[in-house]
Each structure stands twice: as C-alpha cells, then as structure tokens.
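One chain, subunit A, links the two complexes that follow: it is found with subunit B in the first and with subunit C in the second.
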Partner chain A sequence: MSELKELIQNKYNNEAFDGNGSLQSLSQKGMQLFNEQGIPTVKHEEWKYTRIANVLNKDFSYAVNATAVTKADVDAVRLPGNEAANELVFINGIYHAELSSVRSSADELVILPLSEAAKGEYKSVVDANLGHSATYHPDGINAMNNAFAYQGLFIAVKKNKAVEHPLYCYYINDARSSSVLSQPRTLIHVGVNAEVFLVEEEITIGSSDSFTNRVSEIVVEENANVHIYKIQNEDSHSSCVKTTHVRQVGVSKVNSVTLTLNGGTIRNNLNFILEAPGCESHMYGLYCVKGETHVDNHTIVDNVMPNSFSNELYKGIIDENATGVFNGKIFVRQDAQKTNAYQSNKNVLLSDTANVNTKPQLEIFADDVKCSHGCTVGRLDEEALFYLRARGVGEKAAKALLLHAFAGEILDKIELEPIRKYADAIIAERLGFEF
Partner chain B sequence: MSEMLNTLEQTALSEYKYGWVTNIEADEAPPGLNEDIIRFISAKKNEPEWMLEWRLKAFRHWLKMEVPRWPNVKYPDVDFQAIKYYSAPKQKKEISSLDEVDPELRATFEKLGISLDEQKRLTGVAVDAVIDSVSVATTFKTQLAEMGIIFCSMSEAIKEHPELVKKWLGSVVPVTDNFYSALNSAVFSDGSFCYIPKGVRCPMELSTYFRINAAGTGQFERTLIVAEEGAYVSYLEGCTAPQRDENQLHAAVVEIVALDNAEVKYSTVQNWYPGDKEGKGGIYNFVTKRGICAGVNSKISWTQVETGSAVTWKYPSVILKGDNSVGEFYSVAVTNNHQQADTGTKMLHIGKNTRSRIVSKGISAGFSQNSYRGLVNVGKNATNARNFSQCDSLLLGDKCGAHTFPYIEVKNSTAQVEHEATTSKIGEDQIFYCNQRGLDTETAVALIINGFAKEVMNQLPMEFAIEAQKLLAISLEGSVG
Partner chain C sequence: MLSIKNLQARIEEKEILKGINLDIKPGEVHAIMGPNGSGKSTLASVLAGRSDYEVTGGEVEFNGKDLFELSPEDRAREGLFLAFQYPVEIPGVSTTNFIKTAVNEIRKYLGEEPMDAVQFLKKMKEKMKLVEIDQSLLSRSLNEGFSGGEKKRNEIFQMAMLEPTLAILDETDSGLDIDALRIVAEGVNKLRDGNRSFLVITHYQRLLDYIVPDHVHVLYKGKIVKSGGKELALELEERGYDFIKEELGESVEA
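For the complex of A and B:
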C-alpha cells in the first residue's frame, strides 16, 4: 500500500495546483485526509465486506496524459444509440474534447473544465456543491479523488431545457502498456425545469489492471428531471469505486439504474440527498455476476425535508464464486416528517460458492413517517420451476425464463430504448435465455 | 385490558416503583480492579485453584481489549477502577432452610412479589433469588434434585459439580469473546447453574430474580444452562433495581448448551432503573447471551422484554450447529425519556436444515434511541437453512429515533433468508377509531401498543406475561398526549 500512497503523494507534490478558492481548499483537504486515513481496511464499517486494499495493492501508474487512445479505439466501445447522443470521452480520468462529440447546442448544455467553471458564472454552483460527497464518505478513497478534483469536468444543463440528446460518458482506461489508476471527477448542474439522461460506462482497453476511483456530484434544481444509467461490464482485472452523489436542492425527480455484469471488485456509492420538501427518488440496481466478480452497492437516502418519497429496489443474481454486497441506508431527519421511504434487496444464489452480504439499514428520527425495508436471499421458486417443467419447458430454459423475468423488473426502468435493448441482450445471453 | 388501565392510573404520578434500598450489612471489596481483587473474590468464595486461573486468564486478556464503540449508544466512559467488584450480604453460616434467611432480606423479596416460602409451589416456580451477586436461597431444590436436575448458584456448582462447570463454563462464550464478557469472566461473583440430565423434562419454570443493591457495585452475573440429550427446560429471568443517581454497570454472561433433541426456552423481563426524566442515573446493561444448539434437532428460544436500563447493549444469540436445530428470538424493547437501547440477535447457521426466526418490536418515546442490530449468517455447509426476520419499530413522539441494522451474510445457495422491517407511528385513523368507540387517547395508545407487541408477549410464560404487560404500560406512561 505504501506504493500507492507514494504515488499519490508524489503526483500531488509535483503538480502543485496553483489555483485558489474552493478547488484549492478541496484539494488540500483531500490530500490531508488521504494522508491521515489511507486506504480503508475491512475494520472500517463501510468497507467491512470489500477488501479494497487488496485491489490497490498493485503497481499502478497514474499518468493522466498518456493518450495513445485513438478515435478507432473509442469507436470500438461506443454504446448503441450513440448517433443521437452527446458523447463525452474521458481517458485515464481526464476529459478529452477532441475524442468527444457534443451535439447539443451551447444554450442547452455547457461543458467546461472544473478549474474554469470555478471562476466564471458557475462559481457559486461549484463553491456550494463541489466536495459535498466528502461529508458522507469521510474515507481515504473519496479524499484521494478530492485531492485531484481540479482536473475534473463541469457540466451544466441550462434551465428550461430538456436535452434531447442523452449524455453518454465513456470512462476509458488505457491499460495496454501498464496498470492504470484513474480518478475521473465531474460536477453536473441540472437547472430549473431541465431534463437530462446520463449514461455512464467504464471501459478498460488492454490486459493490465485498472482501477477507477470516480466521483460524480449532481445538483438537481427545482422541477428538474434526471435519469442516470450506469453499465458495468468489464474484465476481471478492472476494478472501481464509483461515487454518485445526487443533491436534490429543489422539488425534483431523479431515476437511477445501475447494472453490474462483470468486473473485478466493483464498489458503487450512490447517495441521494433530498434537501427540498416533496422530492422523489428512484434507485434501481441489478447485479448479475459470476466468476470472481465482487460487487458492492452502498446507497444512502438522506431525507432532510418533509414529504419526500424514495423507492429503492436492488436485485442480484450471483453465480460461481461471485460476491454481492448490499448496504442501503435510509436516514430520516427530524424535520423530514411525512417521508415515505421504501427499500428492497432481493438475491438469488446460483452456486454454493456464491456469497451475499446484505445490510439494509434504517435510521429514523422523525415520527410521522412510513419506512420499510426488506431483503431476501434464496433460490428460484421451486413451484414456479415445477410449473414450467410440467408444461414441457426444459430445466435450463425454465431457470433462464424465471431469471430473465427477475431481472426484467429492473431493466424495464431504463427509459432509453437503445440502452435497454442493449442491456437486455447482454442479460439474456448471460442467462442462456432464448425465447 | 382493564388490568392494564388500572396500572396506568396507579402509576400516573408514581416514581420508579421499585426504588428502595435494603439495609443489609454488605461484605464488599474496595473499589478498583486488579489481580488482587480477583484473588480476593475467588478466595472469598472458596474457589478451587483452576477457577482462579480461569478468572486471571480472562482478566489478563481483558487488559488488552478495548471498550467497544460500535453500538449506536452514547454514554460517558465507565471508570472500571471506581467500581466495587464484590458485595455480598453478610452471612454467618451456610443456609439450609428458608427460616435462616435474614428476615430483612426476605422482606425485600416480599416487596418485589417474590415470596420464598412454599406458596411458590402453587405457582410452580422455583426461585433462585440473587441479591447483589450472591445466591441466598434456593427453593424447590430438593424436588428438582430427585429428578436429577441441578439448579443452584454458580459458586455452589463450582464446589459441588466441578466436572460439569469445567466442561461447559466458557464453552459458548469464551473468556476472550468480548470486552464485557472477559470482564465478567474475571470478576463474576455469582449466578445460576442449571443442568438437566438426559431425557428429563423440567416440570416447572426455573426462575432467577436479579437485584442490584449496594451503591456503586457492579453486577456481574454468570449463568450456565446445560440441557442434555432430550431434556427440556424453561428458564425465567426478571429484574428490578433500586433507584440510584450514579450509573451502575451490569455485565452479565448467559451461556446455554442444548444437546441432541434438547430444548431450552429462556425468557427475560428487564426492568432496571432507566434513569430519571432528564436522563440522569440508570443502569448500564452490557450483556452477552449466547446459546449453542450443539446437538441434532435441538432448540433454543430467547424471549425478552426490555423496558429498563439507561443504556442497553445486548444480543442474545444462537449458534445452530446441530443439524435440524432451531433458534428463535422474540423481543420487545421499549425506550422512553433518555434511554438508549442497541439490541438484537445473532443467528449463526452451521448445521444442515437449521431454522431461525427473529421477531423484534421496538417502541421509542421521549428522547430515546432504539436500535435493532442483528446478524444472520448462513455458512457454506448449512444446506437448506431457513431464516425469517421481522423488525418493526413504533415511534411515539418526534424527538426519539428508531434504527435498524440487520446484517445478512449467506454463503449457501440453498438458504432462504428473508428480512423485513417497518417504521411508523400510530396512525391517527387508528386512534380516531378507538376514540369513536369511547376509548380515550391514552387507552387507545395502550391498546395499540399491546397489539403491536402481542406476537412477542405470547411467547412469554404465563407468570411473566402479566408482569410484562404492566411494565410496557408503566414504561410508556406520560409519553403519549
């Protein structure tokens, strides 16, 4: 681990960010906290089931400017529907304008380096929101990203605009010559009455290890509508910690769907901070994993103001030696009366070496609330299986049919058709579903 | 219901009912903890050498341990050097009959409603009364002895049945298990020992009443229950404590062993002094309770009604080692004023076809914080393990909190684990419905709470169920309105 610490410290000292204001102080605080905390061990309650130190115990390079990635490389990984999308390409954590294509006009969508946004018209937005996730994740991992947040990207969706072209974000790691560490950082501001679709995918090119430590902070203003879709389908040598921190500062609606199909160690932090009365949030997740994949979904719904509604459904299909971890926290603050918060986690284990650790958690300080959580771990319903077998469906096909239906509940929540079809095709193939 | 109403009325203005101090000349150790104190306790109790070694081993390990900080409770640090670790009512000779028991002590029990005389036979309860750490008298012992059942104080067991104690003590909760169990192992002054031989069904409910009495004394009880093959026993534990200003520490350890086809049912009503309305005083209740279903088809069931104590930190657990064994946990935890409770259970599925069931009902009122913390672990070889957990929380008032921390770890694909939890307040429509039918609001709330807790109350033995219902009402007195 000392190598990683050294790597981060050297980079920090060599680059010496010479700005000032919120970026500078966040960077300093991040570095300080990282030095103090280091990489969390399993003794850290938030990292109890995920040995992140084992993932980071490798010889990474942290070279953000290595851009051997060509347009052809990007073409090979584009998601379906890209012809009608704004495509933002990040290489080793850094946004590359020349590889990206922005179709929306500048009066809809603004894309700026964070360091510039922190000076101009968006200064107040950056000052108020950048680094807000640190209060919820006071650990070395988040701090490590904060230390280099000045290399991040700022995206603004202008008010009263529904962005027609969805935003496809490709986070590409170039691991062809050496193991790579990348730390993408974004701050997204969605203005009043605006609507936007975000699709995010991590891609590693090459066969060396990669580790992505991404932090995305999203600020949602009044009456805005945001859809966040994440697809995680990488090789087993690619690991990541992804923090998506959503602040709903006005009455707004946010949908999130996280699909995890393959990878090394994957940790998703998804936070919803409901800061205005009457917010609505939906969080859906599907992890369909096998091999040695370790997927860990940590979610937080923090109800600060009254009359909010949140609904969370995470489903897991775990096969072979894979591990699924779920920790869902719902906080209801004292002022957040009349909150309705629901949470559910359902897991199907397909092998005796598969593992599930789940911890749904409610912390409630207001009395006039309706909150519930439930979680299940089990096999496929024997009776449903029998029903299908009795009607002449083979065992394998029957299982695939049931599992596909199990997954379908989540896939149906994706409102972008090309993405839903794409995800469905991968899941169907994985499950051997041929109807 | 009418019984409950009366109780509510009676206690409307009353302070903590069991707040009085019995004046018995205590024979106690000076405050502080070191190896000498442990030697003192051991010598005082005429313990054999191996017992002293066992205590010292625990103490030496304890010195290396840290106070656990993970429970969701806040309290000032306990000064372990300010506590008196031994306090025994003075006693001139061995007691063989009830008549020889100190009359003042007997009056104490009368006040609590435990009469040590033969009237108890009518209720079918054998009482091993514990006052400040030393067992004073045991009734029904002769009758039980005829069946081969051993039910005596721990110190007696150490003297008379050393082979049993040596074999089982610390087998479920090792001396190194956790901070407070290690402390208990080092300094426990007394407790109950219960041994049910092969094939015997204990004909009556066995019961221990705990009392914390002298100011500044810690209470370190040690209970060990062993049910041999095919045996059955139902064990009751109930507590009340006098009013104190300073916080008192209670760190008990209960161990249960159930062998093939054995069944142990352990019920607790805990009503220690919870502190006053400002959160001053009250008992710290840091208890380790664990049972092992060591044999096939064995069953251990924990039922608890927790209404007292300023801070509670307690997780009665079951290790389901034997195939087809069953673990159960039923709990009602009530917190009011400034009480804090972090309680729950652990179900560790190791054997095949093991089943567990968890029903936890938390009620918080006033400024209290009530947490459920539980673990369901299904090991690799626990084929067809089955668990169902239900945790419901009821909030009375907007200054209190209800929290749920369930951990579920599954390593076997044939396992079926379900967990559900809800948090809500009493619906206005429910109250309205009751009001409409002529029940005032307070009665309506009592009625609804009673229904809320019923699933757990039904698990209690008859003698306890009535007391527990009264306790529920008393504990929540004044929190509604």
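For the complex of A and C:
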C-alpha cells in the first residue's frame, strides 16, 4: 500500500494545484484524509466484505496524458443508440473533448472543466455541492478522489430543458502499456423542470490491471427528472469503486438502474439524499456474475424531509466463485414524517461456491413512516422448474427462461430501448437463453 | 398406450403407492377417484416425473417406452401431459412465450422444424377458442394473479397446444365454480378424438358429469381397490367412500 500512497502523494506534489476556493480546499482536505486513513481494510465496517486494499496493492501508474487512445478505439466500445446521444469520453479519468461528441446545444447542456465552473456562473452550485459525498463516505477512497477533484468535469442541464440526446459517458482506462489507476470526477447539475438520461460505462482497453475510482455527484432541482443507467461489463483485471451521490434538493424524481455483468472487484456506492419534501427515488440493480467477480452494492437513502417515497430492488444471479454483497441503508430523519421507503434484495445462487452477503440497515428517527426491507437468497424455484419441464422444456432452457425472467424485472426499468436491448442480449447470452 | 404394473412409490420414508395396476388404451378415458390421502395426486406426480417421489417398485410403459428412463421433459415430448392441480405462477414469463418455447422444444425432440410465427399464431387462435381463453390473459405473466378458473383454463389451453397422446388431469375441478368447470370440461371433451387418452383424477363425481369416463377406478390406501364403468362414480357419489371401506371389511366411524 505504501506504493499507492507514494503514487498519490507524488502526483499531488507535482501538480501542486493552485486554484483557491472550494476546489483547493477539497483537494487539500482529501489529501490529508487520504494520508490519515489510507485505503480501508476489511476492519472498516463499510468495507467488511470487500477487500479493496488487496485490489490496490499492485503497481499502478497514474497516467492521465493518454493521447494513445484514438477515435477508432472509442468507436470499438460505443454503446448502441450512440448516434442519437451526447457522448462524453474520459480517458484515464480525464475528459477528452476531441474524442467526445456533444449534440445538444449550449442552451440545453453545459459542459465545463470543474476548475472553470468553480469560478463563473456555477460557482455557487460547485461550492455548495462538490464534495458533499465525503459526509457519507469519510474514507480514504473517497478522499483519494477528492484530492484530484479539480481535474473533474462539470455538466449542467439547463432549467426547463429536457435533453433530447441521452448523455453517454465512457470512462475508458488505457491499460495497453501499463496498469492504470484513474479517478474520474463529475458534478452534474440538473436544473428546475429539466430531464436527462445518463448512461455510464467503465471500459478498459488492454490487458493490464485497471482500477477506476469514480465519484459522480448529481444535484437535482425542483421538478427535474433524472434517469441514471450504469453498465459494468469488464474483464477480471478491471476493478472499480463508483460513487454516485444524488442530492434531490427540490421535489424531483430520479430512477437509477445499476447493471453489473462482469469485472474484477466492483463496488457501487449509490446515495440518495432526499432534501425536499415529496421526492421520489427508484433504485434498481442487477448483478449477474460468475468467475471470480466480486460485486458490492452499497446504497444509502437519506430521508431528510417529509412525504418522500423511495423504492429499492436489487437482484443477483451469482454463479461459479463469484460473490455479491448488498448493503442497503435507509435513514429517516426526525423531520421526515410520512416517509415511504421500501427495500428488497433477491439473490439466486447457481453454484455451491457462489456467495452472497446481504445486509439491510434502517435507522428511523421519525414516528410516522412506512419502511420495509427484505432479502432472499436461494436456488431456482424447483416447483416452477418442474412445471416448465413437465411441458417439454428442457432443464437448461427452463433454467434460462426462469433466470431471464428474474433479470427482466430489472431490465424493464431501463427506459432507453437500445440500452435495454443491449443489456438484455448480454444477459440472454450469459444464461443460454435463445428464444 | 400406458401400462402400469405393480407401481410402488414413496415420499421420504412414507409409502404412498402400494402396487398399482392400470392399463389405458388409446382413446380411453379413465377416472381415478378416492378419498383424500389415497395417493391420487402422488400417482399423477410419479407419472409426470416429479423428483420428490421415489419409485420403489413396479414398472410403467408409455407408448412402448420405459417411462422411468425418461426425464420429465422427455415424457412431455413423448406425449404425456399433466394438468397441475396447482398451476405454478411464474412472473416475467408470458404464457405465449412459454408455450411457444415448449412447442418448439417438443418439435425439436421429434426432429421437426420449429413453428414459424404465423403458424404458431394461427394455432394459438384456434386453441384459444376451444377453451374460451382471452389473448390478454396469455400475454400476461404465466398464471400470475390468475383466478382459479383462469389457471385451469390455461392448463387446458396448453394441453390443446401441445396435443399430448395421454393427458393426466390432476384434480382439475378443485376450486372451480360450476361455470368454470363446464368450460374446462368442454375444452377437454373437444380434445377427445378417439386416439388421445385421459386419466382424470378427482375427488368428486361432478366433473365426471361433464367428462364421461369409460372406466372408473377407486384408489384407496395406495391401491386400486375397485374398478367399474361410469356408474361406479355415481354409486360413490350416492354412498360416499364408506361403502368401499365396508366392502374391504374395515370398520367405519359413525
């Protein structure tokens, strides 16, 4: 781990960011906290089941000037529906305008380096929101990203605008010549009455080790509608920690779907802070993993004000030696009366060596709320399997049919058809579903 | 068609079938009646291949094949159909998609080309009429939230689609009101074509008013203790199962 500490400290010293204001102080605080805390071990309660220190205990380089990635490289990894999308390309954590294509006009969508946004029209937004996730993740991982947040990107969806073109964000690590550590950072402001679809994918090019520590903070204003779809489908040498921190500061609606299909060690932090009365949040997740993949979904719903509704459903299909972790925390603060918060985690284990750890946590300080949580871990329903087989469907096909239906409940929540079909095709192939 | 010889089966340590003999010829309708716990549903489950049951003796030949050598799916592909007493609810799988899969899996097994969409839809429409089932029901998740009658009608619809040579109806009448019972029975009757055989398992005689059997057997304590024509069902209805017990020399509780 000393190698990583050295890598981070050297980069910090060499860059000597001098921007003053909120970026400067976040960077300094981040560096300081990182040095104090280091990378969390399994002794850290929030990292009990995910050995992130082992993943980072390798010889990474922190290369940001990856000019080696060409348009053809990006073409090879574009998601379906890209021809109608705004495509934002990050290489080794840094936004690359030349490789990106922004189709929406500047009166709908604003894209600025965070360092610029922190000075101009959006200064107050940046000051009030950048680094807000640190309150919920006071650990070395979040701090490590904060230390370099000044390299991040600011995205604003303007007031009253429904962005016609979805925002596809490709976080590409170029691991062709050496292993890569990257730390993308975004702050997204969705204005009053605005609507936007975000699609995010981590991609590694090359076969060296790749680690992405991404923090995305999203601020949602009144009457805004935000859809966040995340796809993770990498090789086993690619690991990541993704933190998506959503503040619903006005009455608004947010839908999130997190799909994990393959990878090394994957930690998805997803926080919803419901700061206005009457917010609505939907959090869906599907992990369909095998091999040695380890996927950890940590979610937080913090109900601060009354009358909010949140619904959370995470489903897992775990095969071979893969591991799934689900930790869902719901806070209902004293003022958040009439909160409705639901949470469910359902897992199907397909092998004797597949593993799942699931932990719901409710902390309720108000007295007039409806909260429920539940989790299941099991095998496929034998009775359903027999029913299908008794009608002539072979065992393998019957299992595929049932698993595909199990996954379908989550996939159906994706409202962008090309993305839903793309994910469905991967799942169907994985399950041997050919109908 | 189906020949059962001295069939014995148990679940866990409990012997349930204690030597069943039954021959069903093509086109025949056999009814098996009996009090609760006599082994009626066990017989249906064992024939369909449910793994909870262990066959401990005897043999069953189905269309010239050893039934117990076949997996549940192969039994279905060879022409055996079990209409479940409690059809399973399967969220996320529509009846249409499921039955299309089943039809084509069976065709594949028989070395036939898969059915194309046009042929399949035509057949669906034809069979839907037969059991008075609505398209909207078939587009929904399989049996999910269906009423008892809808579930049973869906079973008969699937039977019509799969065109088995032997259909086993496991207490298809349970939980049905008289109208639903009539629709289901009429669907079954329309599928009687002189070649297709039926094994109708029921506790009550009323289903047999609609589906008139050629032979009636009484199952009691894991054995067929009495066989006769359709009039046996009426006798049972009139006199209850106690007269069987009396005939067997058992004491009957007052």
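Keep in mind that, in the parts below, the second predicted complex is superposed on the first by the 435 of 435 C-alpha atoms of A that agree within 3 Å, B and C clash if a C-alpha of one lies under 4 Å from a C-alpha of the other, contacts with A are read in each partner's own complex, and residues count from 1 in each chain.
Throughout what follows, contacts are C-beta pairs under 8 Å (C-beta built on N, C-alpha and C of every residue); 3 or more make two chains touch, one makes a residue touch a chain.
Computed from a predicted model, the values in this text were never measured in an experiment.
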Clash or fit (per the criteria above) of subunit B with subunit C on subunit A: fit
Which of subunit B and subunit C A:Gly394 touches, first, second, both or neither: second
Included angle at subunit A between vectors to subunit C and subunit B, based on C-alpha centres and rounded to the nearest 10 degrees: 70
First, second, both or neither for A:Asp107, with subunit B first and subunit C second: neither
Subunit B versus subunit C as contact partner of A:Glu98, first or second or both or neither: neither
First, second, both or neither for A:Phe386, with subunit B first and subunit C second: second
Partner chain(s) touched by A:Ala354 [first = subunit B, second = subunit C, both, neither]: first
First, second, both or neither for A:Gly378, with subunit B first and subunit C second: first
Contacts of A:Gly408 with subunit B and subunit C, given as first, second, both or neither: second
Gap in Å between nearest CA atoms once subunit C and subunit B share a frame through chain A: 14
Subunit B/subunit C common contact set on subunit A: none
Subunit B to subunit A touching residues, read off their complex: 70, 378, 380, 393, 395-425
Residue ranges of subunit C in contact with subunit A within the complex: 48-51, 71-73, 75-77, 81-82, 84, 87-88, 90-93, 97-103, 105-106, 109, 141, 158, 162
Residues of subunit A that touch subunit B when the two form their complex: 45, 334, 337, 347, 349-352, 354-379
Sites on subunit A touched by subunit C in the complex: 381-384, 386-395, 397-398, 401-402, 404-406, 408-409, 435
